[in-house]
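Chain naming follows the written order as A, B and C, and within any one chain the residues start at number 1.
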Amino acid sequence: MHDLTDEIAEIVIASGARAGLAHVFNVGSTGAVGAIEFEPGLQQDLPAMLDKLFPPSRDYGHEQAWHDGNGHSHLQATMLGPALTVPIKDAKLVFGAWQRVFHLECDIKPRRRTIAITIMGES
Amino acid sequence: MHDLTDEIAEIVIASGARAGLAHVFNVGSTGAVGAIEFEPGLQQDLPAMLDKLFPPSRDYGHEQAWHDGNGHSHLQATMLGPALTVPIKDAKLVFGAWQRVFHLECDIKPRRRTIAITIMGES
Amino acid sequence: MHDLTDEIAEIVIASGARAGLAHVFNVGSTGAVGAIEFEPGLQQDLPAMLDKLFPPSRDYGHEQAWHDGNGHSHLQATMLGPALTVPIKDAKLVFGAWQRVFHLECDIKPRRRTIAITIMGES
(Lines give C-alpha, C1' and ligand atoms only; values in the text may rest on other atoms or scores of the structure.)
Protein backbone atom coordinates (compact mmCIF):
# COMPACT_ATOMS: atom_id res chain seq x y z
CA MET A 1 0.00 0.00 0.00
CA HIS A 2 1.48 3.32 -1.10
CA ASP A 3 0.65 6.96 -0.41
CA LEU A 4 0.50 8.77 -3.78
CA THR A 5 -0.60 12.16 -2.45
CA ASP A 6 2.66 14.11 -2.57
CA GLU A 7 3.46 13.02 -6.12
CA ILE A 8 -0.03 13.96 -7.31
CA ALA A 9 0.22 17.36 -5.58
CA GLU A 10 3.47 18.01 -7.46
CA ILE A 11 1.85 17.07 -10.77
CA VAL A 12 -1.03 19.46 -10.02
CA ILE A 13 1.44 22.32 -9.46
CA ALA A 14 3.42 21.45 -12.60
CA SER A 15 0.20 21.42 -14.64
CA GLY A 16 -0.52 25.05 -13.81
CA ALA A 17 -4.15 24.24 -12.96
CA ARG A 18 -5.49 26.34 -10.08
CA ALA A 19 -9.04 24.91 -10.12
CA GLY A 20 -10.40 21.64 -11.52
CA LEU A 21 -10.04 17.92 -11.00
CA ALA A 22 -7.16 15.46 -10.56
CA HIS A 23 -7.98 11.95 -11.77
CA VAL A 24 -5.88 9.03 -10.52
CA PHE A 25 -6.12 5.65 -12.27
CA ASN A 26 -4.46 2.29 -11.67
CA VAL A 27 -3.56 0.55 -14.93
CA GLY A 28 -4.13 -3.18 -14.39
CA SER A 29 -6.83 -5.49 -13.01
CA THR A 30 -5.60 -6.31 -9.48
CA GLY A 31 -4.62 -2.84 -8.22
CA ALA A 32 -6.86 -0.16 -6.76
CA VAL A 33 -6.74 3.46 -5.68
CA GLY A 34 -8.82 5.27 -3.08
CA ALA A 35 -8.80 7.69 -0.16
CA ILE A 36 -7.86 6.88 3.42
CA GLU A 37 -6.21 8.25 6.53
CA PHE A 38 -2.81 6.80 5.68
CA GLU A 39 -1.54 5.53 9.03
CA PRO A 40 -0.01 2.15 9.95
CA GLY A 41 -3.15 0.80 11.65
CA LEU A 42 -5.43 1.24 8.64
CA GLN A 43 -2.67 0.14 6.25
CA GLN A 44 -2.94 -3.20 8.04
CA ASP A 45 -6.74 -3.18 8.59
CA LEU A 46 -7.84 -2.53 4.99
CA PRO A 47 -6.05 -5.50 3.35
CA ALA A 48 -7.02 -7.70 6.33
CA MET A 49 -10.72 -6.85 5.98
CA LEU A 50 -10.59 -7.30 2.19
CA ASP A 51 -9.11 -10.77 2.73
CA LYS A 52 -11.91 -11.52 5.19
CA LEU A 53 -14.68 -10.41 2.81
CA PHE A 54 -13.08 -11.82 -0.37
CA PRO A 55 -10.86 -14.60 0.98
CA PRO A 56 -8.12 -16.33 -0.97
CA SER A 57 -9.64 -19.58 -2.26
CA ARG A 58 -9.27 -22.20 -4.97
CA ASP A 59 -13.05 -22.23 -5.47
CA TYR A 60 -13.42 -19.10 -7.60
CA GLY A 61 -14.40 -19.52 -11.24
CA HIS A 62 -11.37 -17.38 -12.08
CA GLU A 63 -9.13 -19.93 -10.36
CA GLN A 64 -10.66 -22.87 -12.19
CA ALA A 65 -9.91 -21.16 -15.50
CA TRP A 66 -6.48 -19.67 -14.80
CA HIS A 67 -4.96 -21.47 -11.76
CA ASP A 68 -3.05 -18.36 -10.74
CA GLY A 69 -4.38 -18.15 -7.18
CA ASN A 70 -5.52 -14.53 -7.42
CA GLY A 71 -9.29 -14.68 -7.95
CA HIS A 72 -9.81 -12.82 -4.67
CA SER A 73 -7.31 -10.15 -5.79
CA HIS A 74 -9.46 -9.33 -8.83
CA LEU A 75 -12.64 -9.15 -6.74
CA GLN A 76 -11.03 -6.93 -4.08
CA ALA A 77 -9.63 -4.56 -6.71
CA THR A 78 -12.97 -4.35 -8.55
CA MET A 79 -14.84 -3.53 -5.32
CA LEU A 80 -12.37 -0.78 -4.33
CA GLY A 81 -12.15 0.46 -7.90
CA PRO A 82 -9.18 1.61 -10.01
CA ALA A 83 -9.99 5.34 -10.01
CA LEU A 84 -10.29 8.35 -7.72
CA THR A 85 -11.00 11.96 -8.69
CA VAL A 86 -9.99 14.73 -6.26
CA PRO A 87 -10.93 18.43 -6.57
CA ILE A 88 -8.25 21.10 -7.05
CA LYS A 89 -8.60 24.57 -5.52
CA ASP A 90 -5.86 27.23 -5.37
CA ALA A 91 -3.55 24.71 -7.10
CA LYS A 92 -3.92 22.27 -4.18
CA LEU A 93 -5.80 18.99 -3.67
CA VAL A 94 -8.95 19.61 -1.62
CA PHE A 95 -8.46 17.12 1.23
CA GLY A 96 -9.27 16.81 4.89
CA ALA A 97 -6.41 17.07 7.38
CA TRP A 98 -5.62 13.33 7.27
CA GLN A 99 -7.16 12.33 3.93
CA ARG A 100 -4.70 10.86 1.43
CA VAL A 101 -4.69 8.97 -1.90
CA PHE A 102 -3.55 5.37 -1.58
CA HIS A 103 -2.63 2.67 -4.05
CA LEU A 104 -3.24 -0.92 -2.98
CA GLU A 105 -1.95 -3.89 -4.94
CA CYS A 106 -4.29 -6.82 -4.22
CA ASP A 107 -2.33 -9.42 -6.19
CA ILE A 108 -0.51 -12.24 -4.37
CA LYS A 109 2.87 -11.22 -5.75
CA PRO A 110 4.53 -7.81 -6.11
CA ARG A 111 3.60 -5.96 -9.29
CA ARG A 112 5.14 -2.95 -11.01
CA ARG A 113 2.23 -0.60 -11.71
CA THR A 114 1.57 2.41 -13.89
CA ILE A 115 -0.61 5.10 -12.33
CA ALA A 116 -2.14 7.51 -14.86
CA ILE A 117 -2.73 11.03 -13.54
CA THR A 118 -4.97 13.36 -15.55
CA ILE A 119 -5.46 17.02 -14.61
CA MET A 120 -8.47 18.91 -15.98
CA GLY A 121 -9.00 22.55 -15.10
CA GLU A 122 -8.16 26.19 -15.58
CA SER A 123 -5.11 28.22 -14.62
CA MET B 1 -27.36 10.14 5.69
CA HIS B 2 -28.27 13.17 3.60
CA ASP B 3 -29.69 13.65 0.12
CA LEU B 4 -27.46 16.19 -1.70
CA THR B 5 -29.20 16.02 -5.08
CA ASP B 6 -31.27 19.21 -5.02
CA GLU B 7 -28.37 21.38 -3.89
CA ILE B 8 -26.10 19.93 -6.57
CA ALA B 9 -28.78 20.50 -9.23
CA GLU B 10 -28.97 24.16 -8.20
CA ILE B 11 -25.19 24.50 -8.44
CA VAL B 12 -25.29 23.00 -11.94
CA ILE B 13 -27.86 25.59 -13.02
CA ALA B 14 -25.91 28.45 -11.42
CA SER B 15 -22.74 27.29 -13.21
CA GLY B 16 -24.32 27.77 -16.62
CA ALA B 17 -23.07 24.36 -17.79
CA ARG B 18 -25.52 22.61 -20.11
CA ALA B 19 -23.37 19.53 -20.77
CA GLY B 20 -20.48 18.04 -18.80
CA LEU B 21 -19.81 16.47 -15.41
CA ALA B 22 -20.65 17.29 -11.78
CA HIS B 23 -18.08 15.97 -9.31
CA VAL B 24 -19.08 15.58 -5.65
CA PHE B 25 -16.40 15.05 -3.01
CA ASN B 26 -16.52 14.53 0.76
CA VAL B 27 -13.66 16.33 2.52
CA GLY B 28 -12.57 14.10 5.41
CA SER B 29 -11.68 10.46 6.03
CA THR B 30 -14.86 8.98 7.56
CA GLY B 31 -17.51 10.37 5.21
CA ALA B 32 -18.59 9.01 1.84
CA VAL B 33 -20.77 9.97 -1.11
CA GLY B 34 -22.56 7.71 -3.57
CA ALA B 35 -25.77 7.04 -5.47
CA ILE B 36 -28.87 5.34 -4.09
CA GLU B 37 -32.66 5.29 -4.20
CA PHE B 38 -33.02 7.63 -1.24
CA GLU B 39 -35.93 6.12 0.70
CA PRO B 40 -36.25 5.32 4.42
CA GLY B 41 -35.74 1.56 4.02
CA LEU B 42 -32.36 1.82 2.27
CA GLN B 43 -31.30 4.72 4.53
CA GLN B 44 -31.50 2.14 7.32
CA ASP B 45 -30.22 -0.87 5.33
CA LEU B 46 -26.98 0.66 4.00
CA PRO B 47 -25.44 1.67 7.37
CA ALA B 48 -26.69 -1.61 8.90
CA MET B 49 -24.98 -3.71 6.21
CA LEU B 50 -21.78 -1.64 6.45
CA ASP B 51 -21.73 -2.30 10.20
CA LYS B 52 -22.20 -6.01 9.50
CA LEU B 53 -19.35 -6.18 6.96
CA PHE B 54 -17.00 -3.78 8.84
CA PRO B 55 -18.19 -4.10 12.44
CA PRO B 56 -17.26 -1.71 15.24
CA SER B 57 -14.40 -3.38 17.11
CA ARG B 58 -11.47 -2.62 19.38
CA ASP B 59 -9.30 -5.06 17.40
CA TYR B 60 -8.44 -2.85 14.44
CA GLY B 61 -4.86 -1.66 14.07
CA HIS B 62 -6.31 1.85 13.79
CA GLU B 63 -7.87 1.46 17.23
CA GLN B 64 -4.68 0.21 18.81
CA ALA B 65 -2.89 3.33 17.55
CA TRP B 66 -5.56 6.00 18.15
CA HIS B 67 -8.13 4.63 20.66
CA ASP B 68 -10.90 6.67 19.07
CA GLY B 69 -13.27 3.76 18.39
CA ASN B 70 -13.79 4.54 14.69
CA GLY B 71 -11.56 2.08 12.83
CA HIS B 72 -14.65 0.59 11.16
CA SER B 73 -15.78 4.11 10.14
CA HIS B 74 -12.59 4.64 8.15
CA LEU B 75 -12.89 1.25 6.44
CA GLN B 76 -16.57 1.77 5.54
CA ALA B 77 -15.85 5.24 4.12
CA THR B 78 -12.89 3.98 2.08
CA MET B 79 -14.96 1.13 0.60
CA LEU B 80 -17.83 3.45 -0.40
CA GLY B 81 -15.41 6.16 -1.54
CA PRO B 82 -15.46 9.94 -1.07
CA ALA B 83 -16.35 10.87 -4.66
CA LEU B 84 -19.11 10.56 -7.24
CA THR B 85 -19.23 12.06 -10.74
CA VAL B 86 -22.62 12.51 -12.41
CA PRO B 87 -23.19 13.51 -16.06
CA ILE B 88 -24.94 16.78 -16.94
CA LYS B 89 -27.21 17.08 -19.97
CA ASP B 90 -29.50 20.03 -20.78
CA ALA B 91 -28.30 21.64 -17.53
CA LYS B 92 -29.70 18.72 -15.49
CA LEU B 93 -28.12 15.77 -13.68
CA VAL B 94 -28.57 12.59 -15.74
CA PHE B 95 -30.28 10.31 -13.22
CA GLY B 96 -32.81 7.50 -13.18
CA ALA B 97 -36.26 8.24 -11.74
CA TRP B 98 -35.25 7.35 -8.16
CA GLN B 99 -31.48 7.75 -8.32
CA ARG B 100 -30.06 10.34 -5.91
CA VAL B 101 -26.68 11.49 -4.49
CA PHE B 102 -26.25 10.68 -0.81
CA HIS B 103 -23.73 11.65 1.82
CA LEU B 104 -23.10 9.15 4.61
CA GLU B 105 -21.08 9.98 7.69
CA CYS B 106 -19.60 6.71 8.99
CA ASP B 107 -18.01 8.18 12.13
CA ILE B 108 -19.38 7.30 15.58
CA LYS B 109 -20.15 10.93 16.41
CA PRO B 110 -21.79 13.70 14.36
CA ARG B 111 -19.38 15.60 12.11
CA ARG B 112 -19.71 18.89 10.28
CA ARG B 113 -18.59 18.17 6.72
CA THR B 114 -17.50 20.15 3.69
CA ILE B 115 -18.68 18.79 0.35
CA ALA B 116 -16.73 20.11 -2.64
CA ILE B 117 -18.75 20.36 -5.88
CA THR B 118 -16.85 20.84 -9.14
CA ILE B 119 -18.66 21.44 -12.45
CA MET B 120 -16.79 20.85 -15.71
CA GLY B 121 -18.52 21.44 -19.02
CA GLU B 122 -19.73 23.80 -21.68
CA SER B 123 -22.61 26.24 -21.74
CA MET C 1 -22.85 -8.55 -16.98
CA HIS C 2 -21.73 -6.78 -20.13
CA ASP C 3 -18.38 -5.63 -21.50
CA LEU C 4 -18.79 -1.97 -22.59
CA THR C 5 -15.17 -1.36 -23.54
CA ASP C 6 -15.34 -1.58 -27.32
CA GLU C 7 -18.34 0.73 -27.57
CA ILE C 8 -16.69 3.31 -25.30
CA ALA C 9 -13.48 3.13 -27.33
CA GLU C 10 -15.48 3.88 -30.50
CA ILE C 11 -17.15 6.87 -28.82
CA VAL C 12 -13.72 8.18 -27.78
CA ILE C 13 -12.51 8.01 -31.40
CA ALA C 14 -15.71 9.64 -32.70
CA SER C 15 -15.31 12.47 -30.16
CA GLY C 16 -11.94 13.48 -31.58
CA ALA C 17 -10.42 13.67 -28.09
CA ARG C 18 -6.78 12.54 -28.04
CA ALA C 19 -6.19 13.20 -24.32
CA GLY C 20 -8.64 13.51 -21.44
CA LEU C 21 -11.19 11.44 -19.57
CA ALA C 22 -14.05 9.10 -20.50
CA HIS C 23 -16.82 8.98 -17.89
CA VAL C 24 -19.22 6.02 -17.88
CA PHE C 25 -22.44 6.22 -15.87
CA ASN C 26 -25.29 3.78 -15.27
CA VAL C 27 -28.67 5.54 -15.21
CA GLY C 28 -30.78 3.76 -12.58
CA SER C 29 -30.47 2.58 -8.98
CA THR C 30 -29.76 -1.15 -9.31
CA GLY C 31 -27.07 -1.16 -12.02
CA ALA C 32 -23.35 -0.56 -11.62
CA VAL C 33 -20.25 -0.04 -13.74
CA GLY C 34 -16.64 -0.82 -12.91
CA ALA C 35 -13.38 -2.32 -14.14
CA ILE C 36 -12.51 -6.02 -14.24
CA GLU C 37 -10.65 -8.67 -16.20
CA PHE C 38 -13.70 -9.67 -18.20
CA GLU C 39 -13.43 -13.47 -18.34
CA PRO C 40 -16.06 -16.15 -17.62
CA GLY C 41 -14.70 -17.07 -14.19
CA LEU C 42 -14.91 -13.56 -12.74
CA GLN C 43 -18.22 -12.93 -14.51
CA GLN C 44 -19.56 -15.70 -12.28
CA ASP C 45 -17.50 -14.85 -9.14
CA LEU C 46 -18.41 -11.17 -8.81
CA PRO C 47 -22.23 -11.57 -8.67
CA ALA C 48 -21.79 -14.66 -6.46
CA MET C 49 -19.66 -12.78 -3.93
CA LEU C 50 -22.03 -9.79 -4.00
CA ASP C 51 -24.91 -12.15 -3.20
CA LYS C 52 -22.86 -13.60 -0.34
CA LEU C 53 -22.04 -10.18 1.16
CA PHE C 54 -25.45 -8.61 0.47
CA PRO C 55 -27.76 -11.63 0.32
CA PRO C 56 -31.30 -11.60 -1.06
CA SER C 57 -33.59 -11.30 1.97
CA ARG C 58 -37.06 -10.19 2.99
CA ASP C 59 -35.61 -8.49 6.09
CA TYR C 60 -34.31 -5.30 4.49
CA GLY C 61 -36.08 -2.04 5.34
CA HIS C 62 -36.38 -1.49 1.58
CA GLU C 63 -38.34 -4.73 1.28
CA GLN C 64 -40.69 -3.86 4.11
CA ALA C 65 -41.55 -0.61 2.34
CA TRP C 66 -41.72 -1.77 -1.29
CA HIS C 67 -42.11 -5.60 -1.34
CA ASP C 68 -40.22 -5.85 -4.62
CA GLY C 69 -37.58 -8.33 -3.44
CA ASN C 70 -34.58 -6.28 -4.58
CA GLY C 71 -33.25 -4.60 -1.42
CA HIS C 72 -29.94 -6.46 -1.87
CA SER C 73 -29.78 -5.27 -5.51
CA HIS C 74 -29.80 -1.63 -4.40
CA LEU C 75 -27.10 -2.24 -1.78
CA GLN C 76 -24.87 -4.15 -4.20
CA ALA C 77 -25.20 -1.42 -6.85
CA THR C 78 -24.47 1.35 -4.34
CA MET C 79 -21.33 -0.43 -3.09
CA LEU C 80 -19.98 -1.00 -6.62
CA GLY C 81 -21.07 2.47 -7.71
CA PRO C 82 -22.73 3.71 -10.93
CA ALA C 83 -19.70 5.50 -12.39
CA LEU C 84 -16.19 4.87 -13.73
CA THR C 85 -13.79 7.39 -15.25
CA VAL C 86 -11.00 6.11 -17.52
CA PRO C 87 -8.09 8.19 -18.87
CA ILE C 88 -7.67 8.77 -22.61
CA LYS C 89 -4.24 9.00 -24.22
CA ASP C 90 -3.52 9.02 -27.98
CA ALA C 91 -7.29 8.68 -28.53
CA LYS C 92 -7.31 5.33 -26.68
CA LEU C 93 -8.54 4.22 -23.25
CA VAL C 94 -5.56 3.78 -20.90
CA PHE C 95 -6.06 0.20 -19.72
CA GLY C 96 -4.00 -2.77 -18.66
CA ALA C 97 -3.80 -5.76 -21.00
CA TRP C 98 -6.91 -7.43 -19.54
CA GLN C 99 -8.66 -4.49 -17.90
CA ARG C 100 -12.17 -3.78 -19.21
CA VAL C 101 -15.26 -1.71 -18.34
CA PHE C 102 -18.21 -3.84 -17.21
CA HIS C 103 -21.86 -3.14 -16.55
CA LEU C 104 -23.59 -5.31 -13.96
CA GLU C 105 -27.33 -5.29 -13.44
CA CYS C 106 -27.95 -6.29 -9.80
CA ASP C 107 -31.77 -6.34 -10.03
CA ILE C 108 -33.67 -9.64 -9.82
CA LYS C 109 -35.21 -9.21 -13.25
CA PRO C 110 -33.73 -8.10 -16.58
CA ARG C 111 -33.64 -4.32 -17.07
CA ARG C 112 -33.10 -2.18 -20.13
CA ARG C 113 -30.46 0.37 -19.13
CA THR C 114 -29.15 3.68 -20.41
CA ILE C 115 -25.40 4.18 -20.07
CA ALA C 116 -24.31 7.82 -20.33
CA ILE C 117 -20.81 8.32 -21.78
CA THR C 118 -19.17 11.74 -21.38
CA ILE C 119 -15.82 12.57 -23.01
CA MET C 120 -13.82 15.54 -21.70
CA GLY C 121 -10.50 16.45 -23.29
CA GLU C 122 -8.55 18.04 -26.08
CA SER C 123 -8.01 17.00 -29.66
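Keep this in mind: contacts are C-beta pairs under 8 Å (C-beta built on N, C-alpha and C of every residue); 3 or more make two chains touch, one makes a residue touch a chain.
All values derive from a computational prediction rather than experimental measurement.
**Student:** Given that chain A and chain C are copies of one sequence and touch, is their interface built from the same residue numbers on both sides (over half shared) or different ones?
**Tutor:** Both copies touch with mostly different residues.
**Student:** Mind checking the rotation angle between the two copies, chain B and chain C? C-alpha superposition, nearest 5 degrees is fine.
**Tutor:** 120
**Student:** Could you tell me the distance, in whole angstrom, between the mean C-alpha positions of chain A and chain C?
**Tutor:** The separation of the two C-alpha centroids amounts to 18 Å.
**Student:** For chain C, give me the residues that contact two or more of the other chains.
**Tutor:** Those would be 53, 79, 81, 85, 120.
**Student:** Can you name the residues of chain C that touch chain A in the complex?
**Tutor:** So the residues of chain C in touch with chain A come to 19-21, 34-37, 39-46, 48-49, 53, 79-81, 84-87, 89, 94-96, 98-99, 120-121.
**Student:** Can you name the residues of chain B that touch chain A in the complex?
**Tutor:** 23, 25, 27-29, 53-54, 60-66, 71, 74-75, 78-79, 81-83, 85, 116, 118, 120
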